[in-house]
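Below is one structure, written out as structure tokens; comments come after it.
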Amino acid sequence: MELTDNLLREAHYWMRLTRALDDRGTFLHKQSRIIGGFFSQIGHEAISVAAAMTLERDDVCAPMHRDLGAYLVRGMHPRRILAQFLGRATGVSGGRDANMHGMGDMSLGIIGFISHLPASIGVTAGVAQAFKLKGEPRVALAFFGDGGASQGLAHETLNWAAVFQLPVVFICENNQYAYSTPLTRQMRIEHIADRAAGYGMPGLVVDGNDFGAVYQATYEAVARARAGGGPTLIEGKTMRMRGHAIHDNMAYVPPELLATWSARDPLVRLELLLRERGLLTNTSLEELRTRIEHELDEAQAFAEASPYPEGSSVTERVYAQ
Amino acid sequence: MTWDQGLHGAVVSLDAPAAGGVTRELTYLEAIRDGMRFMMRQDPAVVLMGEDIGVYGGAFKVTQGLIDEFGADRVIDTPMAELAMIYAAIGLSFQGIRPVVEMQFADFISTGFDAIVQFAATNHYRWGQPVPMTIRAPGAGGLRAGPFHSQSNEAWFVHTPGLKVVAPSTPADARGLLISAIRDPNPVIYYETKYLYRSLKGPVPDGDQAVPIGQAALRRTGEELALITYGAMVQECLNAAATLEREGHSVEVLDLRTLKPLDEAAILASARKTGKVLIVHEANRTCGVGSEVAALIAAGAFEYLDGPISRLAGPDTPVPYSPPLEDVHRPAAQAILRAARDLLAY
Amino acid sequence: MTWDQGLHGAVVSLDAPAAGGVTRELTYLEAIRDGMRFMMRQDPAVVLMGEDIGVYGGAFKVTQGLIDEFGADRVIDTPMAELAMIYAAIGLSFQGIRPVVEMQFADFISTGFDAIVQFAATNHYRWGQPVPMTIRAPGAGGLRAGPFHSQSNEAWFVHTPGLKVVAPSTPADARGLLISAIRDPNPVIYYETKYLYRSLKGPVPDGDQAVPIGQAALRRTGEELALITYGAMVQECLNAAATLEREGHSVEVLDLRTLKPLDEAAILASARKTGKVLIVHEANRTCGVGSEVAALIAAGAFEYLDGPISRLAGPDTPVPYSPPLEDVHRPAAQAILRAARDLLAY
Amino acid sequence: MELTDNLLREAHYWMRLTRALDDRGTFLHKQSRIIGGFFSQIGHEAISVAAAMTLERDDVCAPMHRDLGAYLVRGMHPRRILAQFLGRATGVSGGRDANMHGMGDMSLGIIGFISHLPASIGVTAGVAQAFKLKGEPRVALAFFGDGGASQGLAHETLNWAAVFQLPVVFICENNQYAYSTPLTRQMRIEHIADRAAGYGMPGLVVDGNDFGAVYQATYEAVARARAGGGPTLIEGKTMRMRGHAIHDNMAYVPPELLATWSARDPLVRLELLLRERGLLTNTSLEELRTRIEHELDEAQAFAEASPYPEGSSVTERVYAQ
């Protein structure tokens, strides 16, 4: 599996777009245009984009609140995402769900998540089970966090996936914190991936800020799953570079830790590689950023021009007809 | 006698329906199995999942034989993990599968609670993706099975928006409501009554005979008093009504059948007609389905009432094991008669 | 504005109590913290547990500063595992510890559901071992926090035998009921209302001022109509009652305060006195606490009623995020006024 | 840690008593004097008795439905147990709970279990946490099964115990089946104890039908826990020699498997050892059995003479006062 120039260029677009959209959200929240919560994913660009890029169109993916990149790669338009953040009728959930929650669209192979972490890994296993039952060569991929890893469901799902040998890949985004809780208070082991052995599935640790490393590990796991080789657990080491949500100044994070991870910024690293390969210059980067800002301006204009849902529609859509 | 056999002296047989059609005489349990078999033959997307439901045929043998006909890919024995099971069912439903999940006892549904009330119940509201899934929950008491194998915990789900809840009381409804539940594009909790598994027999129409979700059934008409109930209490209420008739009273029995959404029209019609209502269920009293039925009547049939709206329910305690305790806990014909006579005399 | 700050334009201040005693002016949030601090100083067995409650001071900063005073052995930051947390609390309670467990939001209580409804709720009934444990559940909406940070899911627990459930609506009650909850030898779910955290201020008596579990509070007396409610809706009902008074009506407001066991005597007294009852809560309507209140009145105050028992509750949908949707979902003074006027005109 | 003659003699009494009480329950059920369910624990005598015997009086133990031996060792009188089975007011739960459920008595350091497996391991962790918070040199010990091991709570609890370094010992009784479900459909690993590594705690596998092996492993784990060394997971390999409950003819168990394990009967093996040490003869065995039958006759007479609870008391004891 080779990291082609095209692949890296594409990744660069998605990662830049992810970060810009994230910044845009923060900006809109500061301006009180997004009310309620907002989750920044800064630091997660490589892992979410790389993992999502290994999937085929027909595959299914369950991103969580820091996987903005995966939503974008799967084809969810920033318009719909910004409209979602702003609670508009044109948002992914039609104003029913908040911020990143419930941003699902099965036509794009995206499962919308609920707060109760790590719920979507369970659903994803079920999707993979359907692929297997129907004999379809498709793969499902789910993200969860170091906090979510402590939940009983993480255990039940990994075991389930192993017992049924499901075509599913689990990406654990170990970003050092679950809200204010550091790893040392969450678990007494170094690598969450080591738990894979307890289920009889391969487990591996990758540098989650290295696009290529995540892409290659996930690519192989996806290929194995598709070929009937069963599930894989991949742990990507990364860092949540902002507070848990926008209100959190993360005073509890030691500045040195942030500094260390700042030096490993996934976007900077990818851009270094692109420059080494001669695929990026200051000018082309500036062009890309401008293009993305235009895209987001347009998306934001769309979202802001969109109506709020009618209050009287509150009881609609509880049941499918 | 053990749980899976039931504890019943006699088997009650329901009368054949007045009008024709091909029917067979089935127990309540056989009717459930027949409903699953019918749907599995008709729709290859229907898949069963649960603990010990395959080779073993289920703790109560409800799924017995189905693995032989449909294979292990459609009758799936799972690890002992209710939460993963229900989440997996949600995922299956996203890909066109129609999972029918068996909880070994309704009591264990609390172990998969999060998946039901947080994910399945809200999903369509939130992002428009339906969750067609049926959860079979063998519930209720009378079998000396103690606090963890006798629960009637349906109110948790009746309170939760986005779910449907059914509770058949006859073999025909058991089959017909199961067909509807499996076809419904929403998550349906199907409460089946273990007590009736082998103690109730009745005519069950063959073929594609769905019983619609949301419609109560008037099991007996009367003028003076309405007994509103569901599940195993329907038979108890019918017995009480028959006794009262011999005493010269005209009592009707409304079987709710669907607990969410409730058939408000039928409830109000019964209340308006009779002016006196006694609501009966095994489930714990406070915030049970009976409280909602009472509240609906108190709001919607207020002007027609000739007496206080009465409730007879399991007291607010776990279901105890020892026979003298359980016999007081579970409302039966005698207790119903007492409460009904009080109300008739009002 | 974000969740932890609240979304309120103005802060409502309650009047000082008529009769004396040492009181301080505290917000609802400060009163909860003060209640914990008081109990922790008084009883070394009181221990707090939860996600991010220590160093961080909790998602809403309710426990801020407590780890500095009481140390990490008594203000315990836990892994993100609600089920293990509540089970651990049960075990702690068996050894004389009085755990106070914080759910980060009431919405996550479903993740620890099994431990509460199956183990904690039934244990004393089954083998006589008390489970003194308090679970703090920051609930309810109005904060634009969406379906998973706005739930009012108290009815699940009001239905379940063996639990107690409280829902204070004022700073004084927040402190006083917390003291009672921690002292109670039974599992108590303490629903605190996030909306009131910083938007409601009032006098809070100092010292050992427990508010007994099981007693409602008549917040305002009136003759024509009783508004029966709890939580953040108490203020909305008081506002509505004040408006109605200006229109010449005499309306009383009964604050339930304890949801399990309900203060049936106070409920019936209000209903008998006024003859007209409007029950108001944010929680979903069907099988909510309001249905039980209505059922109690329909049985126990039937002869006194001058109108249908009315309910105004959150509709049976998840709590939506977008302001126009949430504003319709959450009953507020305007909707209460409409319903009250209908009933007064009846 | 030496297996003294006295220790073995004592163990022999408890294991014989356990089996005899189990047989008595089966007999009473066949006679329809116990109604509802009955769980046989035949095959579990060594593991439950050995583990319980390692505890001090002040320690706490959470037996489950096949740990009859542990209840007895902790001092629960057969009278109360038989009265429980018969639903009498003098039974452990006063007729409120069924068969082995809810047989708790904190004055004996016994936690009563609920059906929802493996609930009591969570409670036991909490008890151990109390010991630690209070600085008491006490240990808590909990049993769970190969089926229970698949539940999310098993994961949450093991992780919890490791993070807080609690003085707790977890005994997983791997008896090859969970109801009708064989190990291969429950998990894709050979040893449940291998999961301990994923929590950062010691995990070991022992022969669950060898009294001495279980005793020694548990003894060391208990000592480590008491000394502040944190939790241990011990997996005892054993076999459920009867159906899941009395109604289950376990047609799904291959006869050869039963035969293999029959040859490893824990009681027979302990008696062989006793004979080798000259501590048991045919006569002394017969004497012991007779003595135990007398004890159980007396217990049964007590239970059968005991009243049922009054129906009118059904609403009593919901709340502690």
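The chains carry the letters A, B, C and D, assigned in the order they are written, with residues numbered from 1 in each.
Basically, contacts are C-beta pairs under 8 Å (C-beta built on N, C-alpha and C of every residue); 3 or more make two chains touch, one makes a residue touch a chain.
Since we're looking at a predicted model, the values are computed, not measured.
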If a chain touches subunit A and subunit D alike, it appears here: B, C
Chain of greatest Cα-centre distance to subunit A: D
Euclidean distance of C-alpha centroids - subunit A vs subunit B, Å: 41
Between subunit B and subunit D, centroid-to-centroid distance (C-alpha), Å: 36
Chain centre separation in whole Å, for subunit C relative to subunit B (CA means): 32
Two or more partner chains touched - positions in subunit D: 93, 96-97, 101-102, 114-116, 150-153, 156, 159, 163, 185-187, 318
Touching two or more other chains - residue numbers and ranges from subunit B: 78-79, 81, 83-84, 107, 110-111, 114, 118, 122, 125-126, 147-148, 161-162, 315-318, 320
Chain contact graph, described as a line, ring, star, complete graph or other shape: complete
Footprint of subunit D on subunit B - complex, ascending: 1-5, 7, 51-52, 55-56, 59, 77-81, 83-84, 104-105, 107-108, 110-111, 143-149, 315-318, 320-325, 327-329
Contact footprint of subunit A on subunit D as seen in their complex: 150-156, 159, 162-163, 165, 185-189, 194-195, 197-201
In the complex with subunit C, residue positions of subunit B that touch it: 107, 110-111, 113-114, 117-118, 121-122, 125-126, 147-148, 155-156, 158-162, 260, 262, 284, 286-292, 294-295, 297-300, 302-303, 305, 307-311, 315-318, 320
Residue ranges of subunit A touching subunit C (in the complex, touch as defined): 32, 35-38, 87-89, 93, 95-99, 101-102, 114-117, 147-148, 150-152, 178-181, 185-187, 245-247, 252, 308-315, 318
Contacting residues of subunit D [partner subunit C, same complex]: 60, 92-94, 96-97, 101-106, 111-112, 114-116, 119, 122-131, 133-134, 140, 152-153, 156-157, 159-160, 163, 317-321
